[in-house]
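Going in written order, the chains are labelled A, B, C, D, E and F, and every chain counts its residues from 1.
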Amino acid sequence: MDYVIMVNEGPYNHQASDSAYHFATHALDKGHSIRRIFFYYDGVLNGTKFSAPQSDDRNIVKRWAALAEDHPVDLAICVAAGLRRGITDDSLADGFRITGLGEFIESCIDAERTVVFGD
Amino acid sequence: MTHPDDTPAEIVVKRFLYVNRKAPHGTIYALEELEMVLIAAMFEQDVHLAFLDDGVFQIKKNQKPAELALKDFSKTYGALEDYGVEKIYVEKESIEERGLTPDDFIIPTTVLRRDDMSALMESMDVVLTA
Amino acid sequence: MLHLVNKSPFERTNLQACLNRAVPGSAILLMEDAVYASLRGTSQSDLVAGAVNAYDFFVLAPDLAIRGLDASQVLQGVEPVDYGGFVDLTIDRQTVQSWL
Amino acid sequence: MLHLVNKSPFERTNLQACLNRAVPGSAILLMEDAVYASLRGTSQSDLVAGAVNAYDFFVLAPDLAIRGLDASQVLQGVEPVDYGGFVDLTIDRQTVQSWL
Amino acid sequence: MTHPDDTPAEIVVKRFLYVNRKAPHGTIYALEELEMVLIAAMFEQDVHLAFLDDGVFQIKKNQKPAELALKDFSKTYGALEDYGVEKIYVEKESIEERGLTPDDFIIPTTVLRRDDMSALMESMDVVLTA
Amino acid sequence: MDYVIMVNEGPYNHQASDSAYHFATHALDKGHSIRRIFFYYDGVLNGTKFSAPQSDDRNIVKRWAALAEDHPVDLAICVAAGLRRGITDDSLADGFRITGLGEFIESCIDAERTVVFGD
């Protein structure tokens, strides 16, 4: 099965980004593919390179990047939502890409399943 | 060998539902969901918008966001028709619970009873919510 | 005490949570999405209508205006205030409790 | 259809909103703070208990565990699943609707 | 001229209430409010903690956040006593509605009826909520 | 009257940050003072220098900075909440300052009124 996943909330503040991550890893473990994870609304904050959580906590930003290194998953940040919230090329973490909503809609058309995680 | 002009790639047309359940202004979800729908309108897809629960407040007339220097996006709902988005539904029970009638809305809508809203949702391929 | 409530009564239970604890005579300001709780003729109107005798209810008028609403639609016993009035309430009522 | 609900029934009306629209026979997965809706013996238990015959209810077991809860506390008719089961549900039920 | 040692600055002691109304893990408010209380404990102030509504789930025993790689802060509530924070209240009605008893909690608490919780809140100088 | 204001949510995503701003300007207009505006939880995102909203929208970050230029208001970002969310010296907007929760508690002790804006 081929998925697109939408993440609507920022890391740490809501569990949505954790839930999306665990869903993604389990789908990949089962042999499914995820063509794109699209970060919209506060979800764009998952892609800030300046996040530095405490040492006893998970690093959500780096965890996404590692996922995309191990699997052909496109980590796509919405440009418009990112501009509002200060996620631009100057603050973007490695492994993420800034793009438009059109690419998200395209992936909803092409993928077999769309799953939304939010607040 | 195939001739591209003779055998166009099969166009997939999916039934998309954009669900609006949140009030405007208190949070940004209404505004950014609308921005998404305007982009979605450019694809050759079967686009549906549903307003239910507090989402019906999004299309309330006479919003004056300028009074608090907020972005005025309520007029943009009026542009949906120009973008070819015409399947716009509001749920009867949701508007009645909130003391509203279709006359309170800035755009023409199709009023659905809750059962029909259920059926509409059930018939979709992709459901996007904020 | 001044209680601040900012969530829609259709979506969240914050206003009920506040009413469950606010001491009679307290001021309650409905702001942001909680201004919907101040309206007459909705399925949630009874929350405030049933409590106007126990509390001093206020609604933030600019938060009504941005939502396409105005003071004429508000329940009897709920007083519209502007931001200046909000500031004055924090002075008169001393402690402020936000029901987030 | 697979419906995802992730909010506490004590705090928000999302689960009721979902139940008001979900077609009988649909699957409903309670996850994140919505796992509290799956518990026996709470003031909100009737929401799910009254609907287990109409829907296929699931609860995300790891979301119970992180909150200090386990399957033994869950209402009859609600099936605990892990993330693998969640993935399988999205395949079996085709369309996913999140009640955010 | 005054002698600093003889006339220490007057110490203001205010009654602070930290209100916990949100469930843990679904959002970060519980964790960051706890971090705030630990800092607040270092000041010579009259600190009170109240758990009500879904906030009572914050101190539920047996939380296993490691199962989802989440930060395990539930043990930190046990450190509150070491920090001198001993005025910890839970609301009776809130725990009963959620099928809990004081035995379910990882820390000793004082159980207050709703009326007494109201009175406690009303007696405060500063109320901080998340 | 002397205030401390707490802002718990990020700009744009919630109205909390707008409400806090309008409350602050009206308090100042009435001749009151605001010793500190403390940004906690997602509120720290009010201090990102990379935010670039659309031209027909308010610029919330710059609006705070302008307020602090015109009045003796301390715009204080919580260091711990900021680190998690990528608000550090590398991303901090002009006019803001990063500090600890202790300074917030101090201002609650010293100020005459504390008002919290959040979600």
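Brief remarks follow.
Everything that follows uses one rule, which is that contacts are C-beta pairs under 8 Å (C-beta built on N, C-alpha and C of every residue); 3 or more make two chains touch, one makes a residue touch a chain.
Just so it is clear, the model here is predicted, and its values are computed rather than measured.
Counting only chains that touch, the fewest steps needed to get from chain B to chain F is 1. Using mean Cα coordinates as chain centres, the one most removed from chain E is B. In the contact between chain A and chain F, the residue numbers used by both copies make up over half of all numbers at that interface. For chain C, the chain whose average C-alpha position is most distant is A. For the pair chain A and chain E, the distance between mean C-alpha positions equals 34 Å. Distance between chain centres (mean CA atoms), chain A to chain D: 24 Å.
Separation between the centroids of chain B and chain E, computed from CA atoms only, is 43 Å. Centre-to-centre spacing of chain B and chain D amounts to 27 Å, using the average Cα coordinate of each chain. In chain A, 8, 12-13, 15, 22, 41, 54, 57, 80, 114, 116, 118 are the positions where the chain touches two or more neighbouring chains simultaneously. Residue numbers of chain D whose C-beta contacts span two or more other chains: 6, 10-11, 13, 32-33, 62, 96, 98, 100. For chain E, the set of residues touching two or more other chains reads 22, 25-29, 53, 68, 70, 126-127, 129-130. Taken together, the touching pairs give a contact graph of some other shape, not a line, ring, star or complete one. Every pair of chains meeting the contact definition is listed here: A-B, A-D, A-E, A-F, B-C, B-D, B-F, C-D, C-E, C-F, D-E, E-F. Against chain F, the residues of chain E that register as touching in their complex are 12, 14, 16, 28-29, 32, 35-36, 39-40, 42-43, 45, 126-130.
Chain contact summary for the complex, chain C toward chain D: residues 10-13. Taken together, the chain B residues at the contact with chain D in this complex read 19, 21-22, 29, 52-53, 93, 114, 117-119, 121-122, 124-127, 129-130.
Put simply, chain E touches chain D in their complex at residues 22-27, 53-54, 57, 60-65, 67-68, 70, 74, 96-99.
Of all the residues in chain D, the ones that touch chain B in their complex are 1, 13, 17, 20-23, 26, 95-100.
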